[in-house]
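These are the structures, in structure tokens.
There are two complexes below, and they share chain A, which is joined by chain B in the first and by chain C in the second.
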Partner chain A sequence: MGLKSYIAKRIVYMLILIYLVATFNFIIFNMMPGTTLQKYVANVGSKMTPERLEELKRHFGFDKPLHERYILYINNLITWNFGTSFESTQSVQKEIMTALPNTLMLMGISEIMAMIMGILLGVVAAYRRGSKLDTGLVTVSLSTYSIPIFWIGWLMIAIFAVQLGWFEAGGFEPQSWAVPGGRPITILGWMLGRLYMMTLPAITLFIFLFGGWVLLTRACVLETITEDYVTTARAKGLRERTVLLKHVLKNASLPLITSVALTIGFLIGGAMITETVFSYGGMGLLTYAAIFRTDIPIMAAIFYVTALLVIVANFAADLLYGVIDPRIKYG
Partner chain B sequence: MNKIAKLSPLTLALIIISTSVILPFPVAADQGPETDDLVIYFRASVAACYTMLTTGTADICGYEIGGLQYIAAITNPNIVLAPVVDFGMYEVDINNNYTIPTYPGDRSPTSYKQFRQAMAFLVDKATVISDYCAGFAAQIDQPIPSPSSGWMNANSTGANYPYIYNPVAAAAKLTAAGFVEGTTPNPDYDPAFPGSTQYLRIDPGTGNDMNPLVCYCRSDDLRRLYTGRMLYQGLRKLGVPCAVTECPSSVSYDPVMGDFNYHFYTGGWSLGRFPTHVYNLYHDDWYFSYGPNYVSGYNSTGDPNYPELNTYLKAVYYAATFGEAMTSCQDAMWLFTDECMTIPLWSSLAFWAYSKEVMGVTNMIGAGPENGYTFMKAYKEDGSALRYAIKAAPTAMNVLYSSWYYDRQVEDRLTLYGGMSSAPYARARDQADIVQDWYVETWDGGNKSKVTYWLRKDAYFVEPVTGNQREHLNMTAWLMSAFIQYALDDCWLASAYYPYIDHFILIDEDGDGDVFDDYCVEVYYNDLSYWFTYLCGGAMLPPRIWLEQSGPLTSYETEEYTMDFPDTVPLTGEIAWIDEVTYNVTPLTMFTDYNWIEGELVISGTYTGHNVTVKYWKVGTAGGYWPGGYDFATYPEIIEGAGMYYLTAYTAGIGGSATLKRNPYYWMETPLEHSEVDFYWVWGPTDESRRIDVDRCPRTGWFYVDMADMNYVKMAYNTQGTGIPDLFWFPGADLAPAGGLVDVYDAASIVGHWKEKFSETP
Partner chain C sequence: MGEKEMAAHREKQVSFLIKRFKGFWQQFRRSRRGMLGLIIILVFAVIAAMAPFLSPYDPLAPKLPGYYPRGNPPQASIVCVPTWYKYIPGRESVSENVLLTQDHEFSAESNFDSEGWRLSSSQPSSISAGYSATGGTHDSDGCVKIRYTRAESAPEKVEVALSKDFEFPFNDPPASIWIHVSYVVENSTTLPEPPVRLSFNIIREGESFKVMKENSRIITKVSGLSHNASDWLHDKLKSSGIYSIGGYHEKEIFSQAGTYTFQVIAEIFDDGEGEARDLTIYIDNLQMLLYGHAFGHLGTDSDDNAPRDLFTLLVYGTRISFMVGLLTAIFSVLIGLMVGLVAGYVGGASDEVLMRFADFLLVLPGLPLLIVLVMVLGSSIWNIIGVLIFMGWMGFSRSVRSMVLSLRERPFVESAKAAGGSTLYIIKQHVLPNVFALVYVSLATSVPGAIVSEASLAWLGLGDINVPSWGLMLFEFERAQIATSVPISEYWFWVLPAGIAIALMAMAFILIGFALDEILNPRLRQRR
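Right after this comes the complex of A and B.
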């Protein structure tokens, strides 16, 4: 089977998978007890009447049979219509588009930094396996990866915001921007302000994430570093850096690509705990708030979009496997 | 301890007098809040807000702090704590219905009065308060929040509460009800537990071992979880089997509220300033699936369990006067306790935290420091912006939909809601606000309520960003705000008061006109209830905003009719607001020539066979952009209110903020510096220029620095709010700089402004 046929086949599989995910999404939110009406009844409190209840059921479409609701739901997903938030009454797309840039900036920076540093250090640790450097890196990585991320966040706040006062304890814009005339008028000023506010949450995420990359890379590299072709490469007189990066890392990178693909989903989903600790208004916090307020349209949209991205990223990863490892045949 | 605070009363008096002569107290004649700038930060949690407080980046933590923060705060000398008992109520809800779906046909044990009484005997409220609530609660014995204790029946509360913890009495009640010991061993038998039985009890209805009670304990609130455990473990030890589900509300919601398929449930409510909720929560009118009453139930013949109680409960809501309502409530509470319908437990006690640098924090009774008076009076000595951190972000900032607490934490600063004593200092008593006075009476032979409202004439709307003064908040703005919000079903106001919308009407009783001038109107209601007085309100916005910026909310219609009058005009839609009615080309006058009754237009004059043209805004689909809307950046012009501040900048979402500036045209004058503790309104003589008839004439009034304020200082004298707050610590009495301690400076502050008035009616 050629590449084109493989891609076509995978696209079909992917569409089926997306359909199944959407269906599963529909099922879980419909199986949740009470949720939608409960929220409104709770809001209205003691003033609920049977008439009002019926009206609410009509409003949310609960008067329609399940199969009709399902068709409507699938149709809405296809047209990218996620409805309106129960809480803000704004369109869900709008809510997501407000939070997404914040998350992409935060997660993008911390993930990319963690990935680069983690992979490089992982390779070094594997190369110097058994050395003090290896032991130190593994110990640090295991420690940072094991510490609950909220705890790292609180330590950051306690040290750098409370004790030293170098950073603000939370938010995504400096407090000085809220004062009339305090908002920067240049893009550079805006970027610096946002980077300043991102520093603590980004470091927190970095500390948490990089340990995972170190350990994963180290394990992958250790599997390949003893292979015969590596010895051959060395025997050919190649430089050690070339051997490591071109022969070892390239062949060890397949699990890493899978991990990167999965990471994209988390990238969009946001870092719920970190964003909550730092009051950083991104996708993670949006999800947290949606769960807390039983805002089902937002939850459903986020779950769906995250799943969608993971599926697409996996598809891309599958294609990349072939590029990186010519032994892999499509079919 | 501050040395000054230890001075003798004589020295104290001398200092007060001398200080009052020496200290220069500027007389404030400005309007609006004391502080020029207010910034509200949106954070993700109380912990984040509290951290801002400790790092000096916020001045007030805008929510009650948690236990961990409390422990940290009492060791922080820069943080002041303000205690408050809230208007909430927790109770063990008992299903009084004759049967439950799990055991169809069988009589439910909890339908037996003595069984319920036995349950009540098994709840050790003292332990619940001290251990489960860690002391952060006030015990209640009737389903009325602690701050409204005047509505309780004193003969069956406190020491008179008949079900003080007593497991032996509980066992005796069970036996007396016919639930005697059987022969099946009780696996939970505990000889150390008084009254514990070796054998399971027999159900007197079936003659067999009791079926397990269906119990739901809310696991998302540890206080309720542990209370539930105390009860079901006690029952089990007494030989009553229990099938327990410990779960969050999402799980218990359907079986408890929807299906009534439970025996007991650990419930809780957040309630309003008057206990009219007793009607909604326990009267048979509201006993339906997913309704507010899931307790009272029916007897074996399908009739309501408590017809006599129903009468009293209904009379609480449909009372002609405040006094009648209170008496009916007390009568109802006596029966309620006797029947032991539920087991009332506690109202939460909480602490709010703020920086010692903030002066003028006013802790309103039952509400705490977050109230209009704090935002009028609070300031910092250095004149910098007051910084308020709240634990969530507003979701909509939209007066139509914003019932969410965090929306209102911002909106309440910008927009006037209702305006008639909507937030009096003591919430159980009324006082003037934007409504200068009101007169409650009846019509239709005493069967229906009627209220005359007089508005103050010195309230204005103010533009956002610029702070420019706009039009008066007059009766048109007031009525239009109320009507439009009630006309829209999905507006929170209409939803919340849905059952009463039909009661909200404006009609002309005698044809002589109901609007007396731009600031006075009489509103007729088509049922009798003193509480209707508060229904005519909502977020006050200028008519310009309602009608011009409303987007798809309304559509403007011009419709012509040729018909005989008087009659109802068959308009094509529901009226949001009437712009103009003309008879041929002659404009007719609202409330004189025509009326607007329950959404319909009624021409009262005789215009036979002629054209009548109606121009009106028709109720459409609610939506679009509204004051404080999400699209602030795009629609700044519509974030316009008559509140004490106006908005100058807004960044949505957690991590964002709202920047507000003092409204210099706010109706209320800036509180005199370092004075006024209680914000009790003092009624003055009647304003004869606004008299309508013999009975109806509005009173004037003002805020006043007097002995009542001094009494608060006396009560709280020498107490402090830093560290563990003293028993009589009262933040509102801490007036002068050097915050956190009520001392001689505070007393002198009051003396310095003795008998001075402010915010007097114009």
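Right after this comes the complex of A and C.
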């Protein structure tokens, strides 16, 4: 089977997968206890007239039978029309568009930093296996890997925001911006302000992500560094750097590529816990709020888009495999 | 094979296993990380097993033990600091709990005497009062009995005091005061009953504080000739913070350390009517609890119903974390193993279906899905474990599958097939042993994820609040909303131990997994 038919087959699989994901989401969202409507009714209490209830049901789209709602839901996902949020009554697109840049900035900075440093240090650790550096790096990575991230966030807030007063404890814009005329006029001022607010969550995320990259890279490199062709390369008298980069890292990079792809896929979902701890208004906080308010349109959009991105990223990674490793045949 | 041969064969197998384990242990012992992880886990296991011995309190709703008809009070005040804070300079005077009596039910006369209860009255000729071994709220237990018989002339008012001295050794006032009493008045004549008034006094060096407002507890409900259980009246008084007790705040009454006297005053008003007067007051379940600002080894949390002792939660939380971590790891690895074996060895349609299903779960956002599922199912600890298992097997099943795929093509499997081995036989004899290294490693490394996930769920408010877990400690802390307003020195004993415990336990399992991987994965084996 050639590459073309492989791609065609994969696309069909992807479509089936995304359809199943969407259906599964529809089922669990509708099983969640207490929809916005129910909560609203519970708040107003018995004063609600049946007419008003009907009107509300129509407003939220609960007047139609389940199968009609399902068809509408699938239709909306295909047409990329996610409707309006139950809670804020804004369009889902608008909600996401306000949150997404914040998340991309935060996640982008910390993911890229963690990725670069993690991979570099992972290679070094594997290369100097058993050394003090390796032991230290692995221990640090293992421990950051096992600490709950919200706990790291708390400590960050407690030490750097409350105790030392260097940073503000939450939000994505400094409090001084809320005052009329407090917003910076220059782009530089705006960037500095945003970076200032991003520092604590970004460091928290970095600590959390960094260990994973170190361990993954180290494991992948260790798998290949014992291969015979590495010994051969060394025996040929190649420079150690060439051996490491061309022979070891290139062969070790396949799992790393998948991991990078998945990271990109899950990027837009944001870091739910970190964003919640720091009240950083990104996609994670939006997801958190949507789940706890049973805001189905927002949840549906986020779950759907995340799944879609992850599927596509996975596919892209698989295609990249073939470019990097000519031994891989598709089919 | 004869029976003898079978036995010999089994013996050989066992000795082989022992030998193999010994070899493995030799290697494992050399891994410093693995040993560190093992030691940490053993320490946690001992803590988990010894939990009831390490802490006497109830981990979830600690109340003062004993019989209190108006409800048992909480064991401690909210947000206490650890008791060892008294060794910190500047905090020497921090107050701890002071309990008035060890035997509030008056169950033995010897206790009554040794605890220093005493009775006095303004007109001894008409009062006979003392300990009574019968007549308490429980049928067989004791109480204090005060009998008034009118002497030659009606005295208008007779005061009887039941007093006990106690030490309040702290210069800081208590956080709150809680008083409980049960009483009943028995009227032995047919005359309309005279009112009896009960009040509580706390006396410090001659200064007396009436902590029960005068005329607030005039007892006019009096039983007939003899009382029964339903005639008892029960009272409880509570002060804390802004709520004063009889117009006094704790800091006014207990402004300094010293010896105090607690008094129950019974005032009997005799209007002089009739020929004679004879009534008996019974007092039982008498207790005062002065809540300190310090409690336990790690203080208490802020649950207003019954503040929990954080040390107890920490100790009992070990059990829950073990349970969540191990159950999740075992079952998700089992499922992953089955799925991987079937998908890899059987292949075909079952491979497609199983692996697509794994893909399906892998592309959904993990934590949000976890939350939604727990919300749908309800957050009992079993549901949480179930959901964690449901979402934890995919990665492992993939690695098993790829391992099996390569094993399937190896010569020894082919020869087994050619020799007529059944699929089950081949899987059991040739595939499983080769996959087992993966199983051990994966078992160890899936525990931490489950432990941390459980804590994260609890922190988000989706933990099982009926289970004493480390997550619950962190959830209560989150609920108290003090992280951004109070300096960490005021609450570190609340949030640090739980987080460190989670991290330590998670890390211990990772360390072991890591060590196993180094030993069992031949490609990672270091050349020595």
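The criterion applied here is as follows: the second predicted complex is superposed on the first by the 308 of 331 C-alpha atoms of A that agree within 3 Å, B and C clash if a C-alpha of one lies under 4 Å from a C-alpha of the other, contacts with A are read in each partner's own complex, and residues count from 1 in each chain.
Here is the rule we use: a contact is a pair of C-beta atoms (placed from the backbone, for glycine too) under 8 Å apart; a residue touches a chain by one contact, two chains touch by 3 or more.
Note that this is a predicted model, so its numbers are computed, not measured.
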item: Which of chain B and chain C A:Leu245 touches, first, second, both or neither; value: neither
item: Touched partner set for A:Ile116, first chain B, second chain C, both or neither; value: neither
item: First, second, both or neither for A:Pro180, with chain B first and chain C second; value: first
item: Which of chain B and chain C A:Ile159 touches, first, second, both or neither; value: second
item: Touched partner set for A:Ile78, first chain B, second chain C, both or neither; value: neither
item: Chain B versus chain C as contact partner of A:Gly171, first or second or both or neither; value: first
item: Touched partner set for A:Met32, first chain B, second chain C, both or neither; value: both
item: Chain B and chain C contact sites that coincide on chain A, given as residue numbers; value: 32-33, 157, 161-162, 169-170, 276, 288
item: Chain A-touching residues of chain B, taken from the complex the two chains share; value: 37, 39, 41-45, 48, 51-52, 54-55, 57, 249-251, 253-254, 257-258, 269-270, 277, 280-281, 286, 288-292, 385, 387, 392-393, 395-396, 398, 401, 403-404, 489-490, 492, 495-499, 623, 630, 648-649, 651-659, 661
item: Chain A - residues contacting chain C, complex; value: 13, 16-17, 20-21, 24-25, 28-29, 31-33, 129-130, 138-139, 142-143, 145-151, 154-155, 157-159, 161-163, 169-170, 219, 222-223, 226, 265-266, 269, 272-273, 276, 287-288, 291-292, 299, 302-303, 306-307, 310-311, 314
item: Touching residues on chain A, where the partner in the complex is chain B; value: 32-35, 37-38, 40-41, 43-53, 55, 59, 85, 87-90, 94, 98-99, 102, 157, 161-162, 165, 168-173, 175, 177-180, 183, 197, 275-281, 285, 288-289, 293-294
item: Chain C to chain A touching residues, read off their complex; value: 33, 356, 359-360, 362-365, 367-369, 371-373, 375-376, 448, 452, 455-456, 459-461, 474, 483-488, 495, 499, 502-503, 506-507, 510-511, 514, 523-524, 526
